[in-house]
């Protein structure tokens, strides 16, 4: 078994815990790869250093918050390596356990006492380029406080012409992230659907729409002279021009997560309280 | 081919159109059954009179609004007879065509130029009794302006303890009905899901939840001394007592609709504008 | 100085604290009146027993939650007696202090170290009868899950014709109560305004409206055959018939509260967290 | 009497109507000033050309939509010149009449058959600089899809620490503009209040807050390294840095509008329908 380890870098406790985990794995004799960017923050780990994009492991332990998970997933999106998230963030919907249980749970995982949960991802196609999103894609104008004017279709049927600050296309995993702030519903990850949520729509009656994940969602930028951008999982950005089409489909690759328990709703409740969201 | 015909009774135009349709079918030589309650409003149709609950037809033409469709469906819920709705209501999400196209479209249907769309229904179990809902079940206290205190579980996992004016459990068909007024999302009928929507929740952060339609949703009344009621498709009522459990599952029977076109989103847009909803 | 004391009766701790307060006032030699309904739950206080509606005191101490305050205020609404609320409820927006500080704070009040905050009340006129509300009036149909069809005017100008489950007319004090669950804004008690909030409106674009409290708000029931009711501060009920008009104005009488500190927003934050609302 | 005339420039019909109005005023022998930027689009009006910032008139006729009104007002904000808006925009909440009634209504105005409505404006203070807003100020991060982390105080009392996409501080005039898209209530212009509306708040329970317009609202940027910007009436922009404070107060100067009728709510209803907002 080969374990990869990554960490957020802006929180000292996260790097310290990551070091503890690496030492723990060494004592257990487990082959370990440590993300190159973490190695730069520690000494004496050059030997096991590995760039994230080349990390071929059986499991990757990600120490951090949802941002760390999303960044890690963006590097390995087609490899389907199970991620095991240890929560050093504020919310951590995508992480599995709290830091104080880190070593104990890793031991459990090494013994094979876990299961892998697959989560649907979005594939985004724009100008022959393909991207993958685990949580959501946000379309916005490049200028804050200016409206986007777009046309949304589902399976070639026009859904609506929309003027809004922005538009979110989210997976069920993303339903408890940014989509929720914009008024979207919580969607159980077992529901085979995507969510289309307008941000501050001009038309007051506009509503979030839940569509089958086997659909093809197409968004077209209608207003000349106004550039927009797509922000993918809060990370990468892609510029959109007048009359450009962006096409959203279900990705053939899942994101995979190491899970110790099954309880989605307990997690939602706990995380909402912990994150001071609700 | 045997055609059943029903009508709303509180609008004269609806009864007149129903008569026209019955005459049209007679001229075509089609065997026709007319709902007994309509016969009571007209003369000379005793011969083809038939109580709705005994109406065994290949297709039932329902002249009226969504209320008419829901009432008709409540009588035939397990028979899967395709309903063809002619819109004499304010909104008519569940109807297929406007009255001025009635005869022309019926002719088209008689020629077999239509398809049947199946819609998921909810099965409600309470105290050994079973009910079926096409749109939604609303749980409310018997006294207006008093709060319900309930526990919601999905597949035996507790989702939340909720204090609210009421709770809606809706199908995708019901997502454009009452659920929408309470803040629920629009759900494409092809999404295999139910929607749980709190009405005026005490906890401000409460959100609509979309769950797989293969789930079992259980609602338990927590507060002693407060009776509640379940209103099924805005029609039947069922009294709920302290610690009663109500169980919601996907019904094995679909509702069936005669459709001439496929366009769900055009219908949503048109009906929203026509109904002055949005 | 004469002090009145009232309590909620359904919570033992509240009655016990009330007894402690009465004993404390006796030791201090303060003339005290105890609400007759509390006297019935205790022994040996017949001498100071007084029906709430006859309680002429300089200050009334109310032990309980917002319900207790609203009920007490409904009996003394035109007398402008300052209420000092000790919070034995779940939320207690209208109460001033927590029970563990009860005696200490009462001592402070006896020394005159407090100020009186005046809160605007609504006067409701219907069929020659007048009522007063501190928080809100809720209009609903008598049958749950049926819609109200009403016309709203402000100063004789029609605002809108509305179909909705109900309508709330609230004061700023009521803005953090039921109105908030229905989507209304938080209104600082210093803003001279009333809030009109539809409950589950049929028209998706309907919004809460904030109007000057010098306005006259008129609501007319448009739909024949559908009775409605007005629920005043969650207490009294009044039946409304077809074409009845209900007129809302600012009451000439304020509700008066004993306050030790000025901080409205800290209270909102604390209460929201304590009440698990947010 | 001296009349100023301005127009939006991106719509030909607007410039044509403006020319008609100028000719009409000439025939009537009224002294007229035409905005320099319009003169550049027409021939032969150099004689009456006047830069907007120097336009000292008794009334300014503004042909365009709300954007034109806001831009004009930003140039004359302290002069209190009554604006008469002729609606060539999509919504035009701030305009008074439709283009087909332009000449007839101007004749009525020239005869003195109108009244002037005063609308409250916001004064914004940031780094010793002062700005004025008629509708609203929007605070946002410079990077789309990144959150703002701010502290809001009212009269030196902390209201809340907020993480959100942005924050709107609006006047009652602005309540039917951007604030409404973000979930804010409609506020009658006679209510002496400002509205604080979070945009996509992280904390789901966050609500719009209505505060007295005699208050001082202070917003402080809490997160180092994240720049923000203030957009004033959708026009001017101001950069905000870490720990900067922005102070909002009622401006001593009103915006003044020429009005022919009094009906605020009819306008709201009509404009909502015309603008396809609702």
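We just call them A, B, C and D in the order they show up, numbering each chain from 1.
Note that a contact is a pair of C-beta atoms (placed from the backbone, for glycine too) under 8 Å apart; a residue touches a chain by one contact, two chains touch by 3 or more.
These figures come from a predicted structure and were not determined experimentally.
Colleague: Check every other chain and keep only those touching both chain A and chain C; list them.
Modeller: The shared contacts of chain A and chain C, listed by label, come to B, D.
Colleague: Pick the pair with more C-beta contacts: A-D or B-D?
Modeller: By the number of C-beta pairs in contact, the winner is A-D.
Colleague: Based on the averaged CA atom positions, which chain is farthest from chain D?
Modeller: Using the mean of the C-alpha atoms as each chain's centre, the farthest one from chain D is B.
Colleague: Measuring from the mean C-alpha position of chain C to the mean C-alpha position of chain D, what distance in angstrom results?
Modeller: Centre-to-centre distance between chain C and chain D: 38 Å.
Colleague: Measure off the straight-line distance from the CA centroid of chain A to the CA centroid of chain D, and report it in whole Å.
Modeller: Going by mean C-alpha positions, chain A sits 39 Å from chain D.
Colleague: Could you give the separation in Å between the centres of chain B and chain D, each centre being the mean of its C-alpha atoms?
Modeller: Computed value for the inter-centroid distance: 46 Å.
Colleague: Enumerate the residues of chain A that touch no fewer than two other chains.
Modeller: 180, 203-205, 207, 272, 277-278
Colleague: How about chain C: which of its residues touch chain B in the complex?
Modeller: Answer in residue numbers: 138, 140-142, 144-145, 164-166, 178, 180-182, 199-205, 229, 231, 234, 272, 275-278.
Colleague: Can you name the residues of chain C that touch chain D in the complex?
Modeller: 154, 157-160, 175, 180, 184-188, 190-193, 195, 203-212, 215, 262-266, 269, 272, 277-278
Colleague: Using the touch rule from the top, collect the residues of chain D that touch chain B in their complex.
Modeller: 203-205, 207, 278
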